[in-house]
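Okay, got some structures for you below.
Two complexes are shown next, each including chain A; its partner changes from chain B in the first to chain C in the second.
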Partner chain A sequence: MHVEVDQPKCVASGQCVLMAPDVFDQDDDGIVELLTDRPGPGHRDGVREAAAVCPAAAIRLEEE
Partner chain B sequence: MTETLPDAQAQLPEHPMPRAAGCPFDPPPTLRELRSSAPISRVRIWDGTSPWLITRYDHVRALLGDPRVSADPAHGGYPHRNAAMRARERDQRTFITMDDPEHARLRRMVTGPFAIRKMEALRPSVQRLVDDQIDAMLAGPNPADLVTALALPVPSLVICRLLGVPYGDHDLFQRNTQVIVRRTSTPEEVVGATRALTDYLDDLLIVKRKHPEDDLLSTLVTERVDTGGMTQREAARMGVLLLAAGHETTANMITLGTLALLQNPEQLALLRDCPDPGVVAGAVEELLRYLTITHSGRRRVVLDDIEIDGQVLHAGEGLILANDIANRDPEAFPDPDRLDVTRDARRHVAFGYGVHQCLGQPLARVELQAVYGTLYRRVPTLALATDIDRLEFKHDGLVYGVYELPVTW
Partner chain C sequence: MTTAAPVRRVVIVGASAAGLTAAEALRREGFEGAVTLVGEEHHLPYDRPPLSKQILTGAWPVERAALRRPSDLDALGLDLRLGSRAVRLSPASRTVTLADGAELGYDALIVATGVRPRRLAGHTAPGVHVLRTLEDARRMRERLGAGRRLVVIGAGFLGSEVAAAARSLGASVTVVETAPLPLARVVGDRVGAHLAQLHRDHGVDLRTGVRVGEIVAHGGQVGGVTLTDGTVLPADDVLVAIGSEPNTDWLGGSGLDLADGVVCDQHLTAGPGVYAAGDVARWHHPLFGATLRVEHRTNAAEQGIAAARALLAPERARPFAPVPYFWSDQHGVRIQAFGHLRDHDEAQVVEGAPAEGRFLVAYRTGRRLTGALAVAMPPKALHPWRAAIAAETDWRTLPTAPLPA
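And now, the complex of A and B:
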């Protein structure tokens, strides 16, 4: 799995951090930061859920 | 505004619609009928216009996330909630009724303090507050009104601390907020209440400039206003938004959530008997979905023609996106009318969706988790102290709830 985030689109709802805290973080303004763009198998469900709930559609996934 | 003929328009269903008697937790039955028979259909609202009512979960999400849809009430065709909101929206705007890039510019000035890490740091003090309020309630008269004993003070105290607003002024901001959210308020009342709150915040910003503390208003005035990033009036308006939205919505979720759980004792037992924070967090999402207290629908207007499911929504047409019935869509949530605190409800749209999705949601989650995770465990005998039919529900409110919730233990 390959993850990309679109920071200009991010609205800082923070849900990605709740769903996959080992993959997503927030900067001082609450904007998404990617901790890894290739999450391990244990984190992938959380990343999929994060992408599904992101209100700004700022998370893009490529399943490999 | 509308292309419907006058005769046809008179036959359109009126919005908002009444809930069914005896079903205080369920959205109006007409909304449910429309979702299955005509999920994109016109309704007639108070000013005689006929915006589109959108009732399916996937449509609501798609349109709330569509950049061709505007939240700006200045565009013709925007479906105002009532005359009071129309009057208010002209000169008392905040970023919730602006579009990007202006919306993003202002919103990003206050997203930092609501980051998950900051909210987690707040959790112990929120927990203490909840425990203190429950102690005080148990030490006071029995029965008690849960609204004044717990539901209103907890989020009010928390948002006051976060913003740096003296809690001693809670009468002033709670009273004015009630005027703003009541559908029956006159335009003069709403404009007056909004102005009173804005002036109050404006004065507070001046105090914060002289004596900055570790709070959001101090940061706003020293790092945003005084550097030219925003005007002081913009900061004051933003303060009003955070203060009002920060206590009223959560307070209603606390009371209505408790009422729903008391009416569903097997669900309450699941929450009470399982100390796992994950279970409590899941229950919060389910109660947000099930109750969807933002029952007036999200309001938008179309900027460029949009085709959705074979229907063209033209530029200049208003949209009411009914997130309450969308959260009861069986396509998105199996057996949607059942309260099931163990289901995965995280995809709900109770906080809205798109760039305007609730800014304070991480704070609301921490507060609701603390209350739902504590109240029923500490007060296992908690019960309604009156008949549910005697409760006064906020049918007339922009946000749904009950005015009072008498409880005993």
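And now, the complex of A and C:
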């Protein structure tokens, strides 16, 4: 799985951090930061959930 | 519940955030049957929060509001019926009828038809706007700019965001609101007063505690707004932002309970094989002990997913009990909140200070912490409060100092 984030779209809701804290973080303004763009198998369900609920549609996944 | 027949055909009515997210969730959970996604608008699914922000200011091209890339939509293998309006639900035959007469049979149905803006009766002159669709936003954007005069009726989130966007474009903006403070019933007097001052600091002429008489048109073009005290506010454009109504007309006669939305149980079930999600859904929220209908973007996605899961595995469904979240951008200031704030009993500033422009407010309803709102605070400051709301924390046990992160 490959993860991309669109930082200018991010609205800083932090939903992704709540769902996959090992993959997503937020800077001081709340903007998403990727901790890894290739999450391990144990984190992938959380990443899929995060991409689905992101209120800015700012997370995109490529399943490999 | 009796043993249900396997679900082979799912129809989702509504192709915005809730409907699309539900369709994606069905596929993610491994559902390989037919999924028909019906949308009244002609556009591929797009996002609405940017309409009153980046789309209205022109900071983004409209394509940037797309919820998914066309290739991602293709990969879902949907029967996508855009520009199609559902006009009838026949639960006995499990059929949805579209405006063109097509009949869609379903084993399970998700109603995600959202809301429409409330209007002022009889006002259709050019220059009188509502803002819900991409077309609405485009129409406004073409007309707003320096030297133009906009009157916004209603100082809710939408009206306030449009006022801020219009000011950033150089328009003169007047906002009229019947309540003494903007948004006070939701966010409380302290935050409402702060938002009022924010408008005034940015040159918005905010008139609170006033009632609109009528919208005046001259020669088929809007000319202004009169207030019941006799005041005349000249305008080139008027935005009517006085709330929304759930799109449930098409469900009349279906037997579903339609009391301000589609009434569902805790698992989002509205009837046999019928589920609801998004702005249109009203359900009993176990965390707040209240029946809620939530018109926020995050809820649409969370509820779409929950409805899809409940549909595929009713026996494993858990009550839908999220901590609601919303945000609003006004004059470059971000407001974020978790929980159920409306009709709270008490609001306390618990971090920062309104005078400094950065603060966090906690809300009590009954004996419990039920909400938290941050103005211009680092968003992570809200996370411990979200957790405390989810944990049904007693108000008296809250520390007066910030909660540990």
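Definition applied: the second predicted complex is superposed on the first by the 64 of 64 C-alpha atoms of A that agree within 3 Å, B and C clash if a C-alpha of one lies under 4 Å from a C-alpha of the other, contacts with A are read in each partner's own complex, and residues count from 1 in each chain.
We adopt the following convention: a residue touches a chain if its C-beta (ideal position, glycine included) is under 8 Å from a C-beta of that chain, and two chains touch if they have at least 3 such contacts.
All values reported here derive from a predicted model rather than from experimental measurement.
Aligning the two structures on chain A places chain B and chain C in clashing positions. Of the two partner chains placed by superposition, only chain B is touched by A:19; chain C is not.
In the superposed pair of complexes, A:57 makes contact with chain B and with chain C alike. Using the contact criterion defined above for the overlaid structures, shared-chain residue A:48 touches chain C, although it does not reach chain B. In the overlay built on the shared chain, the residue A:30 is in contact with chain B and with chain C.
Legend: residue contacts after superposition of the two complexes on their common chain; A:11 is shown touching both chain B and chain C. The clash between chain B and chain C in the overlaid arrangement falls on one stretch of those listed (6-14, 222-230 or 294-302), that is 294-302.
When both complexes are aligned on chain A by C-alpha atoms, chain A residues 11-15, 17-18, 26, 28-30, 49, 52-53, 55-57 touch chain B in the first and chain C in the second. In the complex of the two chains, the chain B residues touching chain A come out as 64-65, 104, 107-108, 111-117, 119, 346-347, 351-359, 361-362, 365.
If you check the complex, the residues on chain A that touch chain C are 9, 11-15, 17-18, 26, 28-30, 48-49, 52-57, 60.
On chain A, the positions that touch chain B within their shared complex are 11-15, 17-19, 21, 26, 28-31, 49, 52-53, 55-57.
By the touch criterion stated above, chain C contacts chain A in their complex at residues 21, 24-25, 28, 47, 49, 64, 66-69, 72, 297-298, 301-302, 305, 325, 327, 334, 336, 378-380, 382-383, 386.
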